[in-house]
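The following pair of complexes shares a single chain, chain A, combined with chain B in the former and chain C in the latter.
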Partner chain A sequence: MSRKIPLLSPDLRRLYALFLGAVLLLFVIATALTGFTPALFFGQSGEIWKFLSEDFLPPRLPESGRIQVIAEAFLTTLAMAMASTTAAALLAFVMALFGSERISPYPKAARFVRGFATFLRNIPTLVWAFILFSSLGIGTGVGFTALLITSFAFMTRAFIETMEDVSSDCVESLLAAGASFPERVVHAVLPAGLSGFISWYLYCIEVNIRASTIVGMVGGGGIGLVLFSYIKTFHYGIACSIILMVAAMVIIVDQISGRIRKEILK
Partner chain B sequence: MSDLQYPLSSGSFFFSRRKRIRIRCKERRPAVPLFMCAVAVLTLLSFWYLDIDWIRLLSRTPDIGLIFWKLGHLSTNELSIVLASLLQTIAIAVLALLYSMLLGICFGMLAARNVLRLPVLSVLTQAFFSFLRAVPTPVWVLLMLVCFGMGPEAGVAGLCVHTTAFFTKAFAQSFESIPEETLEALEAAGASRVSVFFNAVLPASFSQLVAWCGMRLEVNFSECAILGMVGAGGVGYVIATSMQGYAYGTAGVAILLVFLTAYACERLFVMIKRLFRA
Partner chain C sequence: MAAVLSFKRVCKRYPNGVCALNDVSFEVLSGEFVSVIGPSGSGKSTLLRAANALIPISSGSVYAGGERISDLRGSRLRSARRGIGMIFQNYNLVYQLSVLQNTLHGRLGYMGALSALLGLYSESDKIAALELLDELGLADFAYSRASDLSGGQKQRVGIARAVMQEPRLLLCDEPIASLDPSSSKTIMELLRSLAKKRGIACIVNLHQLDAARRYSDRIIGLSHGRIVFDGTPQMLDAAATERIYGTACENLMTGGSDVPENSATLP
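Coming up: the complex of A and B.
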């Protein structure tokens, strides 16, 4: 084994070296800025272990009076995700019709519709939640609105892409036959893109189940708020059992939506 | 034309009157209308359960415009703090991505069924990481805050948990999509499992891994902006504190910068994707 056959061509090798160098440089800069090194884990391993084994880990049940509150909070979180996703899907469908240049009756305005959706989408959900909380007060209604805005913006973009992918032939042939805008929507866009819309809708449900827990944490109500208050008051055992339940909820919803997707998109 | 009716039934559309061409979908999917009905019922139930005070909500809606008006009065007094925190946020996102990439390759190797060929191990790894993935990131960050105290370190550690869990699944999928023949050829030549991984599986799935990383960087940045709000440093912390302190001008600048960075990220990846497709 004195000589190896080089498997990579030299210029590819140079590209990889350049890439690796850039990654290393980024790594060094980012470490310097945040001060995070894996050594932290070893330095504080005693404290972390103590926290895990004594406070966090045997998951404890809350006192029996609180169990009903927790169950209601879970239902609120689920209802918030469900209601906001469906409302957002309906609004996004209408919006997407005007955002797609091929379908919209006003193709010139499509650019503005998409710009508006991009603006809404690129502000994270929690920032929306903060903006809304400072104007509308706190409560489930505001959590609902925050989820509505972000999933509306996301689905508008997804629906526009689905429409552009799917229905150009049908729409053009209907247009040539003289069909009006509502007729084109009902007979071409809707049936051709239905499975795509449903698939995006299910994806959004999955995302919003997680997001509604997070929005709850800053004041949207639901299980996020309950979890946050238990962590704030150092009841880590109870927090642990709530985290396990949240994980179970998310996994169950994912399984159900996966099953539905398989059934519908067969 | 106005008396036309287009009844909607079983996911297909047909004309009920005479002299019309019947258009009927050949493949009927009975599951679709059933699904639609279920969604409608569940949504109505959800609205009923949430019991939102619509009148109060709608009457206060103009206040959103007011807040945006206040946010629009950008104040550049604390621009240096905002910029530093934005840089910190980007650093947290990048660092979490890099650590998770390494961890994700290790755990992805364990989780993929065709690398080590230990089915029990891969099932266990998959199950553990799907639990980690199911818990939202801010929860992990809150727990890390308890361990590390306030600051960006907790942000990196918390973000790593979720990103690693995501990468483990994604990378395992990429590894499993490698054709079996490649692996068999190397095994027949007497290569060990680990050297098969480093010489065949990793190079063959490299471009997919890079694509996953690009996608995740975008997600990480927007999550990172969120994490600050629970106390993990970065630009989210600036937004949260200045909103709570009614310093809307500073918050406006911070939100605008977050928006611009996220937008630039998105455009960049759209461009790269187009480059690779062409």
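Coming up: the complex of A and C.
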């Protein structure tokens, strides 16, 4: 009786083994196709390290004349994230009302609303930024609109789920009481889902603070654009201190919004 | 006496092909207390939701307050619905709002668009709501958040909201299915006394045979979407029960006094 008793059924174990094998195989195929090998990475790591330690470090402060420009750029990035998320949240709320069969006055159209949101969401923010950049040119308008589109699509889906979770039962009871659609929204959907909506909104602000820096680099304005111009002109020390400040900003915003979300969801 | 609700040859077929109501006809008279019993999936909830047009029916007619409710749209439908209160198994309250606010939701259907939207309830509505809450033993909870109440208390708020509609008819979908036996008794007694006092007719879906027997003027038995029994509690004998549930009485857990004494000694 020395055989050990297995904890998994043999079928499940075979499945896990198969899965692991598939992942390994995919890794090998992908490496072969891209021509990238882990060995190369380690071989070149000296150069990467040298670049980081000699060009990027130590962080240097920009000339004093530029400090105001940089501060303004930071504010622009923050404002871009906040403004686009807020506008997106309001639009997404209205859209989400029509995206749930149990809440929308036109249940048959709900599928199309969800499909539309999914479609928008599956195009990355950066791609939107490129598309808009080509038509609008450099500017915060590009960043604002690109962030607006993706966070609108994301929050529409998130709000629909929140509504179906917490509001559809009480919406039904108000429907049975003879309340009109706007009344059902104000007296049931809104109070029941409010904490959920705010929580998603704050989460989206966190995401967009990060994204607005990146979107800025491809023409969306704000600190991303400033950072990119320093990198392009080989001012790596200054770029490094901007990157550190961006990280600090992201951490601070995450902390604040995380704290608020915890309070709200209590 | 006038009928407050009548079903005439109603069929309901869901889009997936399930025939949940099959040629159902009955009338509910003013002030009558009717229980609907039947096994799971027999169409009880479908029947209630057809009564106030929460779901469309496939054929036949449902008349409520003299109107063919399946023909109504928009504001005419809303004013037909406000005359029919509904009570849910899961209470369906807005838990973030106060008990008083939830109770006053029953008045929304009567208010002008703007005042309803802004929640500007009249003082007389508020007084009526507080008196009703007092009658239901919830006077001390008027300003509590609905989420802080026990199940039995939540259901009483559900009843208060429905009664605030000044309905001719109450539809109750398994109002006691989530409650303990003692709260269940309170709810059934409150429901019956409130309804009798105000002359409101009630249709109550029940899984508890003993409650159906004890509180109803009349029992309707559904099986596979058809009415297989319609009569007084006294007429509901073993044969009728078997027709409804498709199995002999001994195989049913009917609750209450039907449970043999010695079963209490089982672990």
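In this text, the second predicted complex is superposed on the first by the 255 of 266 C-alpha atoms of A that agree within 3 Å, B and C clash if a C-alpha of one lies under 4 Å from a C-alpha of the other, contacts with A are read in each partner's own complex, and residues count from 1 in each chain.
Everything below uses one rule, namely that contacts are C-beta pairs under 8 Å (C-beta built on N, C-alpha and C of every residue); 3 or more make two chains touch, one makes a residue touch a chain.
As the structure is a computational prediction, the values presented were derived from the model and not from experiment.
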Exercise. Kindly classify A:Val186 by the partners it touches after superposition: chain B alone (first), chain C alone (second), both, or neither?
Key: both
Self-check item: chain B versus chain C as contact partner of A:Leu148, first or second or both or neither
Solution: neither
Quiz item: Once the shared chain is lined up, is A:Leu194 touching chain B (first), chain C (second), both, or neither of them?
Solution: both
Quiz item: Touching A:Gly178, do we find chain B (first), chain C (second), both, or neither?
Solution: second
Quiz item: Of the partners chain B and chain C, which touch A:Gly137 in the superposed model: first, second, both, neither?
Solution: first
Quiz item: Where does A:Leu227 make contact in the superposed view: on chain B (first), on chain C (second), on both, or on neither?
Solution: first
Quiz item: By residue count, is chain A touched more by chain B or by chain C?
Solution: B
Exercise. Check whether A:Ile214 is in contact with chain B, with chain C, with both or with neither, and answer first, second, both or neither.
Key: first
Quiz item: What is the contact status of A:Cys170 with respect to chain B (first) and chain C (second): first, second, both, or neither?
Solution: second
Practice problem: Could you pull out which residues of chain A sit against chain B in one structure and against chain C in the other? | Solution: 186-187, 191, 194
Quiz item: Inside the complex, what are the residues of chain B that reach chain A?
Solution: 6, 11-13, 23, 25, 29, 31-32, 35, 39-40, 42-43, 45-47, 49-50, 52-54, 56-57, 60-61, 63-64, 66-68, 71, 87-88, 90-92, 94-95, 98-99, 130-131, 134-139, 142-143, 146-148, 151-153, 155-157, 222-223, 225-226, 229-230, 233, 236, 239-240, 243, 255, 258-259, 262-263, 266
Quiz item: Mind pulling up the chain A residues that touch chain B in the complex?
Solution: 23, 26-27, 29-31, 33-36, 38, 40-41, 44, 47-48, 51, 56, 75-76, 78-80, 82-83, 86-87, 118-119, 122-127, 130-132, 134-137, 139-142, 144-145, 186-187, 191, 194, 198, 201, 210-211, 213-214, 217-218, 227-228, 231, 236, 243, 246-248, 250-251, 254, 260, 263-264, 266
Quiz item: Inside the complex, what are the residues of chain A that reach chain C?
Solution: 169-170, 172-180, 182-183, 186-188, 191-192, 194-195
Quiz item: If you look only at chain C, which of its residues touch chain A in the complex?
Solution: 52, 54, 75, 78-86, 88, 90, 92-97, 105-106, 108-110, 113, 116-117, 119, 158, 161-162, 165, 171
